[in-house]
Structure formats: structure tokens, C-alpha cells
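Next come two complexes, and both contain chain A; in the first it sits with chain B, in the second with chain C.
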Partner chain A sequence: MARAAVPGRLSWRVGRLAEARQETPTARTLVLDVPGWPGHLPGQHVDVRLTAEDGYSAQRSYSLAAPAEGGRVELTVQSVPEGEVSAYLTGVYSTGDPVELRGPVGGWFVWRPAGTQPVLLVAGGSGIVPLMAMIRSRRAAGSRVPFRLIYSVRTPGDVYYADELRRRARDDAGLDVTFVYTRAVPEGWPHPPRRIGVTVVNTNGWPPALTPDCYVCGPTGFVETVADILVALGHDPRRVRTERFGPTGG
Partner chain B sequence: MGIVTPGFRGRPRPSGPELPPGQYLTEDFPVLSAGPTPRVPMDRWEFVITTETSREHRWSWTDLMALPSDTPTVDIHCVTKWSKLGTTWQGVSLDTLMSDVDTAADYALVHSYGGYTTNLPLSDLLDGRAWVAYRFDGDDLHPEHGGPARLLVPHLYFWKSAKWVRGIQLRFDDEPGFWESAGYHDYGDPWREQRYQGD
Partner chain C sequence: MPEQLDLGPHLDGNALAGPLREIFAVDVTAATSRCAACGQAGALAGLHVYASAPGMVARCPSCEEVVLRMVRTPDAAWLDLRGAVALRIPM
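Presenting the complex of A and B:
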């Protein structure tokens, strides 16, 4: 049977750790040099494969945290309890060491810098990673599409990219950032800790009439809640894109 | 074998049943979907098989419940790397649903409430390998896991087991579905690690 052209196989490439940054006590950003990296869109992810000396190997998917700069790619990895891959990447993996990667993967949960619709980003915890890639790409591409980010974290110490987000909220024209704290708030914060709800999304998101593109990323319960709120507020379900991090990971 | 990652030892090696390549075992039931969970009122729910000649075979919820069901216990494998073993479902076999359907089609395009689609060869839906499932682990299937009813095709990666299934279109050609159009494999056999196009 005749077939449309099949894109090339996603082959495994070797990346080496060029630089690492600690985002929180349990999350680490890895900047990797990956010769021959084909580029990616914000929101896409990569598969990472680790291989032990006895041949045992383990794979996990991680969102890309920033637009590609040549062969440089950035991931932010949250250490999860009993996570054999995340424990290694956040604790052991050292500058110059190789890992295998393949990607980019995923063509749905992506923002295209040529987009013209307003954008609402809603992150729960480590769900900020692919959304941060969109925020960084927006600036890098010189896009003036208005972005609003609602970022829910347990405590102020759990915010990834805290300094950069503060700076961008000030300097990136058309970017608004709202924090929601669920367990502990910064000093002088106007609300006690609270979960994200209709009021927060309604006040800090976009009216449905503007037909914004909505991206929601976080743990399953968070994504279910926010996606349901968006639909209930009148957003077109087809404009609500979700990415869920299951309760397990690696 | 890939290149060795210095200092990586991994978990103690599992001694249980073998998993497909690149998969790891989970006891939880993670959720993966691309958009909001659609809510389908049961009195409006229907499942429709449409043949290549546009002949439609319809089942309401009541019709579906009246059909004989199976309770398969199967292993499931998600392309995001988790596998879950020994899951028990209740549902109606596609053999039952297809028994009065006259078709010469080779392929199926599965449609869901909410707009999701996925494609597979029709033969993979037959011979006791696929169900329209409405109970999981003794409970009604929760909406985030595809309730009221989802397709269950456990021998392929789990994205083929379309949640919120509403119908199957039988076709002569293999039309790529939602993830298949976004770079995922057309067939998706976990044992051959067919995750992405070209694998």
C-alpha cells in the first residue's frame, strides 16, 4: 500500500552535561550538549535512557525547559521518591558525563511562536517546565502575543526559575505571572494558602471570548480540576491542551 | 546495548515477569490525555460501528449492558514508559459487537467523545483481543480513565485503547489518528518498542 513519506526514525543521540543548576532542593536543571540536535518546539519532550554497566537500562520522558540553542538542550528534572532515573539525574550525574536522548517527541502540547492567539499557561508544581519553554521561546522569537501564567506551588521555596520569572514578569512586555500557594505563602501575601479554583482562573486567565490557547500541565488531579474549570467557564475544549504527570515517575 | 552512563546502577533487577523493552513497572494508574475529560450523559451515550459502505450499527448504553461481557485480566503498557500488570476489566468483546457487521475493511479508525482518534488494523480488534470496557478493578470506569467506556486493546501501547470511545469507522486505508499524526507509531507493538514513526 502506498504511504505518505515517513519521517526519519528518532535515533538515540549522546548528550553530555555542560552545566547544571539547582532550581529547588529537589529539582535540577541540566544543560546538555547534544551534537546534531534537530531543534524542537516549546512543549515537546525527550526520552532519556540510562544504561548501567551490566546492561540494565531505564528510560523516562522529560519536558524540554528552553528553546534549543544549536546543540544545547535544557531539561529540569524533579527528583521523585524511589525514582531510579530522577535520583541519578538530580544527584549523581556530573559535568561531562554522557546520557542518551531521543526526540523531540510530541506535536500536540506545543506552542508555535507564529501563533497569534492569547495564551494562558497553568502550571502545577513541576508542570511549569514545558510552559517555561513557551515563555522563553516567546521572548526569543520576539512574539508580542500576550501570555498569562498561573503557577501553583506548595510553598515559595518550590518555585522553579524564581528569579527569572520575577525578571520576565517585569521585563517581558505582555507577560503576566500569578502565583498560587497551596501550603505556605510568602510574607505579606494577601491570601492564606489556597488551591486553584474558579476565581483564580477567572480573574487571572483570559475571557473565553478572546479564544485563548490554554496549556495546562501538572499532576493528574490538578490538570483535571483546571481543565474542568476552563470548560465550565466557557473555553472551547479543543483549545485546552493538557499534559499530565502521573503519580509515579522516574 | 546503549552507552554506559557512569555511576548509574538502577533499581535492583526485577525478578518478576519480563516487561517490554524500555518499560518500568507501576502499581498506580497514571493518566495520559491531551485535553479536558469529556462528560457524556448516559442517556445520550452511544457506540457506533460504521462500515466502509457507511452502514451504521448502533448501541445505546442499555443495549451495551444487555450484551454478554468478559472480565479479561491483562497487562497494559503506556508509551510514556509505565506498565501495569494484571489489570482486571469488564467489557464487551469486539467479536460480539462485530458479529453482525458485514465488512471487507482492513483498518479501523476509532473515534472518541472529545474528538480523539486512533487507528489500527481491524484484525487487532478481533479474536478476543479487544473490548469496549466499562468497569475497571470492580468499579465503574472513572471518567479520567475513559469512563463511561473505553476501548481496551492491551496488546498494543495504551494510547490505542481510546478513552471515551464513541465509535469505530471501518476503512480500506489506514488513516492516522491523533497521536499517530503527531509522530507516534501507526501500529504500536510494545514488545517491538514501536513508540514513534520509524521505530
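Presenting the complex of A and C:
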């Protein structure tokens, strides 16, 4: 729907696929060229709209995975069973193809690189995407704020950005990364598969006395569990920011 | 609202960011709203959002009463803020 852009209000833009990277067998990172992109904060997302020739259109929200580089933005899309939008974006969508998007949107689940509080990031599955944007932005901004990431996945093969996370955990001073595997663990791992619980959050997070900013992102049940644990451990609920990836996505 | 009422899975108010930015010039999901039913105050982003209804229905995370409803038609947006006493919008 072409409509003159109103300054300050959100309008649809057309982006084109510049390159793509396969993160796991079912997740794909899309690097899009979006002329006139206004920039964004880590944690913000975009709405993506696909329109078929018969006029049928479907819309989904995706988190931005990295800081913007000029008009270049990155999304990581998880293919969900019977998800019409994600199936297209992770499958047939090819270099040079257009897609409509609007954003950035969301002003609450964001980390500002000028922030000074320690940060705890807790990701469940594809919930890593906006948190990875924060990790990447921290380094890009030269921030020294200490970050801890707890990343829960089913198996080692489900880890997004695996090589980069390994490298950053080694090279980004002040970044700690902890993995929780719920179905299968790497060889030699000290624990059997387990779900995230009080012990993991208490051991690998920050003490509430440091008043860290906590960001929790993942499926609804995961987010509720972790947010409850953080509050029970004594974290101020106002410092626990959550984003749920629902079953309605796709 | 009885607790045993099963409303099914929900998203959260972050999902309202795009639809509301179509109407408002600033992000409203970071605004604090106070629930008209129970008085709980919190970020709009923290509301429970049910998107499988026609449009989006946002409920208070504390009492599950409807705070906000939004329906987008091809030529209009319907915004019903029945359950919010007030919004405090950071500027």
C-alpha cells in the first residue's frame, strides 16, 4: 500500500536480501539492504509483511540481530512448522528478492549502549536473537559494562551464532557465556541435560545487590519461569525485562 | 477474572509496538499504564497479548482484565483503551 511517509510515524519500506547465512538446519540469518533505514537500538524488532499475487498478505515480527551498518540490517528467522512466513524466508527467499518491512519498533526491551548497570541476558532457543544484538552492540560501542549470557538450547546443534559466541566469550572482555542443554549435551559436558532452574540462574547470573538489568527472551513458558526465578532471588521486577516469542509466530 | 479461565498462550506488549507506532509518533510500549481493574502499574510491553482474537487483546498481567484492544481494518485502526486509567509516556 503506497502512502506518503509521515515523519515520525511508521511506514513500510522495501528491503532486499543482500546475503544469507544458515545458523542451524532450521534457522537462517537474512542480511537486508533497506534504503533510508533510520538506525535502531539492540532489542528492537521489525514487522515483516509478505503479499501474494492475489493480494493475501501475512505479517510477522522479527528481532533485529545486529547493530545497523548504514542501510544494512540483520534478522535471524527460525522456521516453525506450518509457518507460512518463516517457511518462505528460510527457504525460497533469495538474494535480490524484495520484502516489505517497517521499523524499528519497540522501546522497552532495549539495551542502550550508554547504560552502566551490569547486564544479565537469558535466552531460550531463538530468544537469543535480540540478546545477540545487545552483545554485538556492546562490543561495537566499546562499552565496558559486564555482560552475562545464559543460553538454553535443546542440543549443541541448535546454538545460533555458535562460532561467534565462542570467539566473543574469549575475546570480548567482560562477557561470560553459559550454555544450558535441555535434551542432549556435548561430549564431556559436566551435567546431563537439564532445564534452566534456580541454581543455574543463581550461579551464572548477578547477585541482586548489584542491581543488574535483566533481559529474558524466549518462548512464553521459559520467560515466565526465568522471570519468576529472578524475582524470587530478589531482583527488582522493574529491572527484569521480558520478551515472549509466541506460538502464533511463523 | 477467574484464574481458571484458560486463555491459551499469549505474547506480550512488545508485539503491540508495530501496530501502535502506526498511530502514535512515539513508542508507547515503554509507557507505564495503570490497570483500571486492579490498579497495577507497569510497562505496556509487559501486558499479556492475545493475538489470535480478531485484532489484538492486551490483558493485565496481574488480574487478566482487558486493558487494551486494537483492530486494524484496511482503512482504519480501532483502539479501545478501556482498561487503562492513564498512560505515562516517556518523552
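Assume the second predicted complex is superposed on the first by the 243 of 250 C-alpha atoms of A that agree within 3 Å, B and C clash if a C-alpha of one lies under 4 Å from a C-alpha of the other, contacts with A are read in each partner's own complex, and residues count from 1 in each chain.
In the analysis below, a contact is a pair of C-beta atoms (placed from the backbone, for glycine too) under 8 Å apart; a residue touches a chain by one contact, two chains touch by 3 or more.
These figures come from a predicted structure and were not determined experimentally.
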item: Contacts of A:Ser61 with chain B and chain C, given as first, second, both or neither; value: both
item: Contact breadth on chain A, by residue count: chain C or chain B; value: B
item: Which of chain B and chain C A:Arg244 touches, first, second, both or neither; value: both
item: Which superposed partner A:Phe109 touches (first chain B, second chain C, both, neither); value: both
item: Which superposed partner A:Val99 touches (first chain B, second chain C, both, neither); value: first
item: First, second, both or neither for A:Asp228, with chain B first and chain C second; value: first
item: Touching partner for A:Glu23 - first (chain B), second (chain C), both, neither; value: neither
item: Which of chain B and chain C A:Val14 touches, first, second, both or neither; value: first
item: First, second, both or neither for A:Asp213, with chain B first and chain C second; value: neither
item: Doubly contacted residues of chain A, that is, touched by chain B and again by chain C; value: 8-10, 47, 61, 105-109, 220, 241-242, 244, 246-248
item: Residues of chain A defined as touching chain C within the complex; value: 8-10, 45-47, 61, 102-103, 105-109, 220, 241-248
item: Chain C residues touching chain A - in the complex, by the definition given at the top; value: 9-15, 17-18, 21-27, 29-30, 43-46, 51-52, 90
item: Of all residues in chain B, those that touch chain A in their complex; value: 1-11, 13, 22, 24, 26-28, 30-38, 80-82, 114-115, 144, 173-174, 178-179, 181-183, 195-199
item: Sites on chain A touched by chain B in the complex; value: 1, 6-10, 12, 14, 47, 49-53, 55-61, 84, 88, 92-94, 97-100, 105-109, 220, 224, 227-228, 230-231, 237-238, 240-242, 244, 246-248, 250
